[in-house]
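Okay, here's the structure, questions in a sec.
For clarity, chains are labelled A, B, C and D in written order, and residue numbers in each chain start from 1.
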Amino acid sequence: MGTDMTSVQDALKRQEIELPSWAFGNSGTRFKVFTQPGVPRSPQEKIADAATVHRFTGVAPSVAMHIPWDKVDDYAELSAYAKEQGVRLGAINSNVFQDDDYKLGSVTNPDARIRRKATDHLLECVDIMDATGSRDLKLWFSDGTNYPGQDDIQDRQDRLATALKEVYDRLGDDQRMLLEYKLFEPAFYTTDVPDWGTSYAHCLELGPKATVCIDTGHHAPGTNIEFIVAFLLRVKKLGAFDFNSRFYADDDLMVGSADPFQLFRIMSEIVRGNALDPASGIAFMLDQCHNIEVKIPAIIRSVMNVQEATAKALLVDREALKKAQAEGDVLEANAVLMDAYNTDVRPLLADLRESQSMDGDPIAAYKRSGYFEQIVQDRADGQQAGWGA
Amino acid sequence: MGTDMTSVQDALKRQEIELPSWAFGNSGTRFKVFTQPGVPRSPQEKIADAATVHRFTGVAPSVAMHIPWDKVDDYAELSAYAKEQGVRLGAINSNVFQDDDYKLGSVTNPDARIRRKATDHLLECVDIMDATGSRDLKLWFSDGTNYPGQDDIQDRQDRLATALKEVYDRLGDDQRMLLEYKLFEPAFYTTDVPDWGTSYAHCLELGPKATVCIDTGHHAPGTNIEFIVAFLLRVKKLGAFDFNSRFYADDDLMVGSADPFQLFRIMSEIVRGNALDPASGIAFMLDQCHNIEVKIPAIIRSVMNVQEATAKALLVDREALKKAQAEGDVLEANAVLMDAYNTDVRPLLADLRESQSMDGDPIAAYKRSGYFEQIVQDRADGQQAGWGA
Amino acid sequence: MGTDMTSVQDALKRQEIELPSWAFGNSGTRFKVFTQPGVPRSPQEKIADAATVHRFTGVAPSVAMHIPWDKVDDYAELSAYAKEQGVRLGAINSNVFQDDDYKLGSVTNPDARIRRKATDHLLECVDIMDATGSRDLKLWFSDGTNYPGQDDIQDRQDRLATALKEVYDRLGDDQRMLLEYKLFEPAFYTTDVPDWGTSYAHCLELGPKATVCIDTGHHAPGTNIEFIVAFLLRVKKLGAFDFNSRFYADDDLMVGSADPFQLFRIMSEIVRGNALDPASGIAFMLDQCHNIEVKIPAIIRSVMNVQEATAKALLVDREALKKAQAEGDVLEANAVLMDAYNTDVRPLLADLRESQSMDGDPIAAYKRSGYFEQIVQDRADGQQAGWGA
Amino acid sequence: MGTDMTSVQDALKRQEIELPSWAFGNSGTRFKVFTQPGVPRSPQEKIADAATVHRFTGVAPSVAMHIPWDKVDDYAELSAYAKEQGVRLGAINSNVFQDDDYKLGSVTNPDARIRRKATDHLLECVDIMDATGSRDLKLWFSDGTNYPGQDDIQDRQDRLATALKEVYDRLGDDQRMLLEYKLFEPAFYTTDVPDWGTSYAHCLELGPKATVCIDTGHHAPGTNIEFIVAFLLRVKKLGAFDFNSRFYADDDLMVGSADPFQLFRIMSEIVRGNALDPASGIAFMLDQCHNIEVKIPAIIRSVMNVQEATAKALLVDREALKKAQAEGDVLEANAVLMDAYNTDVRPLLADLRESQSMDGDPIAAYKRSGYFEQIVQDRADGQQAGWGA
């Protein structure tokens, strides 16, 4: 028994983590958005920052876009710009939660006119995907209610199903729908897609192009996320992750910063299910807010955290694990897993980076690069990008 | 707009709540089982107690049985005894969590011999259903793991699916499988059926005779149970409730005692979905532990709590609610719901009982009846029933 | 045994609920602030709205102010304006969470200059209290950290203690400090005053003028709030409530809308501890956000919810309760409490209002009054008040 | 900057972890207690097992006793036996939750006779401490209520204070009281000592010999335990830990198995507060249940988990941390902490053991020792120790 280090390294080399354009912009809480120097003012500048993260880590070759935050006149041009920078455009994220019309819901709104408007936005996102060549349409609905009785739960499900169907039917052959779920916030009583079961049920109804997106911060306290990962892998309905971490609710902290062992357990299910390779079709995306910490190094650190968790998951001695599990040896099975977790994989990853002509320490290299000083200077004027809330 | 009181009364008269035989026996926590005087020593005595609850409430005509706790040689005889007492045998509850073999799981155990044994027990339960004429097989699995790595999550799902399929195929035309889920306890890391999504997915795979059982105490903090009710009603996969209440985990307190407003919201979804009538095929069962309070009056009180929540749910002015919802009038829609909740329905229910030749106050009538004094005397000797833990 | 209805009515007549000026302004989530027509544009207009709520309910005679949101040049003039409107200025709420300097904390910031600035703001709030004649300084600190290691927990406590001491020492003889606690948000790892224990410990150190403020939405899931109420009453350190309700986190919904039974249990402890009367020195304040519902009727409804919970709490047959408790009769003791909770107190409260020359139905009366139409027209232009986030 | 390895090793050598006698006996959930071969049948055999753990780890020199589970006629003899085995008797744990009288509480029971009986048991525990030379009396009360109204919360606090006072006054000069808190279980509505604040308040009232005991599994979801550690260290009221881990409630899993990062953060506060050394007077105890895993190696593993977390905490570059904190460099401060956490300290600990003439791998050495085979054979007959529930 043991682990083949060459295959570990190969797997790590092929790993891809998608960066969210909005993580480079300003974000905050309902109490305050603290601004930072050097924040991008345009989709292009966000892409440039994302490309910088990729340059120092080597595993972040794509950038998820958020419409309308990243709306441009010419998406082909934007794609070309990304390519030039060394990255590609990734998933298109819809936004049906910031128009005044959406106060009581978007696709589940009791008002048919507003549902139409929301659905049209989703269809527009597919148009953009056609232009950008994006594979994935990521749908998150803030839809829900704040008070018991406010609206009819079942009716809202019907409205949701109708809108999803229309959008699904519009997808091209190589396009997919990722349906995200979230327990609460901004809705505080019911949320129309509150858990994986709801997302799964809708995806099942829709067909093979619809899969579930797991945001690691969107669960009730005590939820076992790796169970959901394993379950969805088994039924082939896991489409993507939105990685971040949390101690309380949807805190959107750097992935791996609150519970690195949980991130490892999640990646271990991914490895166990042969789902790490980009060819498996699962998108590993970050979805975070860097409210108080400097954004680019925070994202580099997040990427490294996912890499480290992945490396540990790859180091699990699967044969030894299987054997202990089959024998019902609880302590030994746990020990095999913990043995990998307790390994310091940072030297392994540093070596890997160096073998690919990168610096072994991406944070230090970024700091030395002068990129930050440059953007602070270049972006002193103008309107910084944010959530537009 | 308004509510038709005759139809409210008719609905309340037709309501049926199933009692769990085990709630009449001793129960407790891992720290201590406190015994009580008068506790039944046999399935027959549990049935007699349940029949007493029915005599004073009029809406509890069936008794769920738990195998092997209620194992008898002759189930036809037990059925006849129940009939004599004025009730009928209800759901058969399997028990694959108390044999030493089940330490690491029953139908999901890594050991094929133990899985076979567990599945055989489930099949035996169907045999008993044939004998008792029970419609429902209720399956709750304590299966899970306590430590990361202890067993393979996906493999356990495969084993679960296999066992469920075998049992499902054994069901007769008029028999059903109710698949219960539970977040945790006694398993403390993964549970093999932890949430409604898992139960739903398996039921969907199995076919129309398999439906989800919602135990109101089995969710993560913050879970919106009425959403699950509404969702499962919409997809026609809600089979049953195990009612109880909780402040923390699976506390198994009297239903309606911890959050009566939540119980009302649940019943309101039931009324909205036309699922209250016994003909709808949804079983409304209690599943509680009366660790410190006297058992029979606690169960009478629980039945009354469900009745009161139901009466309030029936009083909701559905037309006014729909109108306010359609208009997006958040406060008015909420007010319509709250108006029903804030109504004191106890006089209405007392009248209803009296119109059916019962005492308007079941607790007082029970206390006056001398039943308790009689059982305390009759059951002074022998081995009191309990969970056999 | 029984309840003296005259004393119930007297207690209800004397009840006082303080309204937060900011609840009349716009609020929202980090995703979106939806605006509403008729929202106040100045402290004066907020006071006018609050006075309107008082006019229709009779129990909301004071308005809490928030500095700097309600900063004016002349507080004596503002006080006079309030008096004219029929209300008075209440607690002064400090705000040390919206200046760019406070990104890493205010009074607990590692930077001494920023701590000084924050403390100065608190002292300024006491100056304002001198001008307004307010009794209470309410302190809520968003201070905390987002990441393990970010700052030293103990050092931050020292800094907090130092700032509190300086402000405490500045208080006049008739002035008090209310120290609020909150589990999380906007800080996502540690919060410097996260729970009642921390607030209590600091208040104890400070002296008799410092007491704890319980915000009903600021607890971990499963926290028993009425226990905290009872405990703080026993040790005479309960100073105030910030009422609101929540299903998940700090949802800031209308008080009583998520768990009316919990609100009743809280008020029942208040009644048990003879702490309802304004003379007891406990401030009953609302602190809510009306993100999607119309604000003034939402606040009227909230006031009514507190009144209804209070009326039910006053109806508890305390003698019967004591007797059942002393006898260890669990079911009877619970039944005595539930009997009061299940009573429909709306007619009692309507009568009370009518006996005081108000309309029995405050919401209907408000709607008929034309106030809303008037403010929508009067306030069509200008900058609506909000949180300034 | 950096860390002095000699002082790290010295600190690790001086570390002491106390083992609970009851962890060697059978335990389970309310559903089932699974037995294991080789389980002790007497206090002596528990001590022998604990001594075995100490022999292989070198840091577990004392055994906490539980009265009446470990009641013997001659405690001096038991002490001598322990000494012979190479360990000493540690804290005395009281048990006022398993007598039928305690159904509605022990020291908070409404019945004065039962309170007297419970207090007498606590006083008896101090007598035993006199005989064993134990320093610490650990008090955990299961006292609480299951239903709103069941008993008076304030009265129960008064009763609690009275009993604690009487016991406190009985303590000798070198004896201490450790007051444990727990959110819930077995009480399901109120618990009389539910949180650290309650424990702290009582300890403060009692005096310097009373301190708080933190059981890491006894908190509401989301509670930041290391904050409590830091806070209690600051006010000098932290007396002890009951270590274990949990994913959900009081799961009592092996410490460090559910969230090793949390354990590290706790130990990091201990190191920061100079509280690791036995001379600091803080007792580091395990309190766990090994329901399904083999007990002795589970306890060895638990001890090692605490050691590893401690070693990592000692490796934190405190100077670098202080510097980054002072500069408000969020990412760097977090990185300094994570750098220590991500270090693989197993080689360091193996070396340390070997330098002390132990095997570097305690689990492997234990397995080779034949101890388990011996006890399975020796203890085949007789009544295995358990909780006696």
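As a working rule, a contact is a pair of C-beta atoms (placed from the backbone, for glycine too) under 8 Å apart; a residue touches a chain by one contact, two chains touch by 3 or more.
Only a predicted model underlies this, so the values are computations on that prediction, with no experimental measurement involved.
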Intersection of contact sets, subunit A vs subunit B, gives C, D
Which contact partners do subunit C and subunit D have in common?
A, B
Taking each chain's centre as its mean C-alpha position, how far apart are subunit B and subunit C in Å?
40
Cα centroid separation between subunit A and subunit C, in whole Å?
38
Where subunit B touches two or more other chains at once, the residues are 104, 146-148, 183-184, 189, 221-222, 224, 247-248, 257, 261, 292-293, 330-331, 334-335, 338
Residues of subunit A defined as touching subunit D within the complex
221-222, 224, 247-248, 257, 259-261, 292-294, 297-298, 301, 308, 330-331, 334-335, 338, 341-344, 346, 363
What part of subunit D is in contact with subunit C in the complex they form?
104, 110-111, 146-155, 157-158, 183-184, 189-191, 194-198, 200-201, 204, 219-224, 226-227, 230-231, 233-235, 261, 265, 269, 272-273, 321-322, 324-328, 330-331, 333-338
Contacts from subunit D onto subunit B in the complex sit at residues 27-35, 97-98, 100, 102-104, 142, 146-148, 183-186, 188-189, 221, 246-249, 251, 253-254, 257-258, 291-293, 387, 389
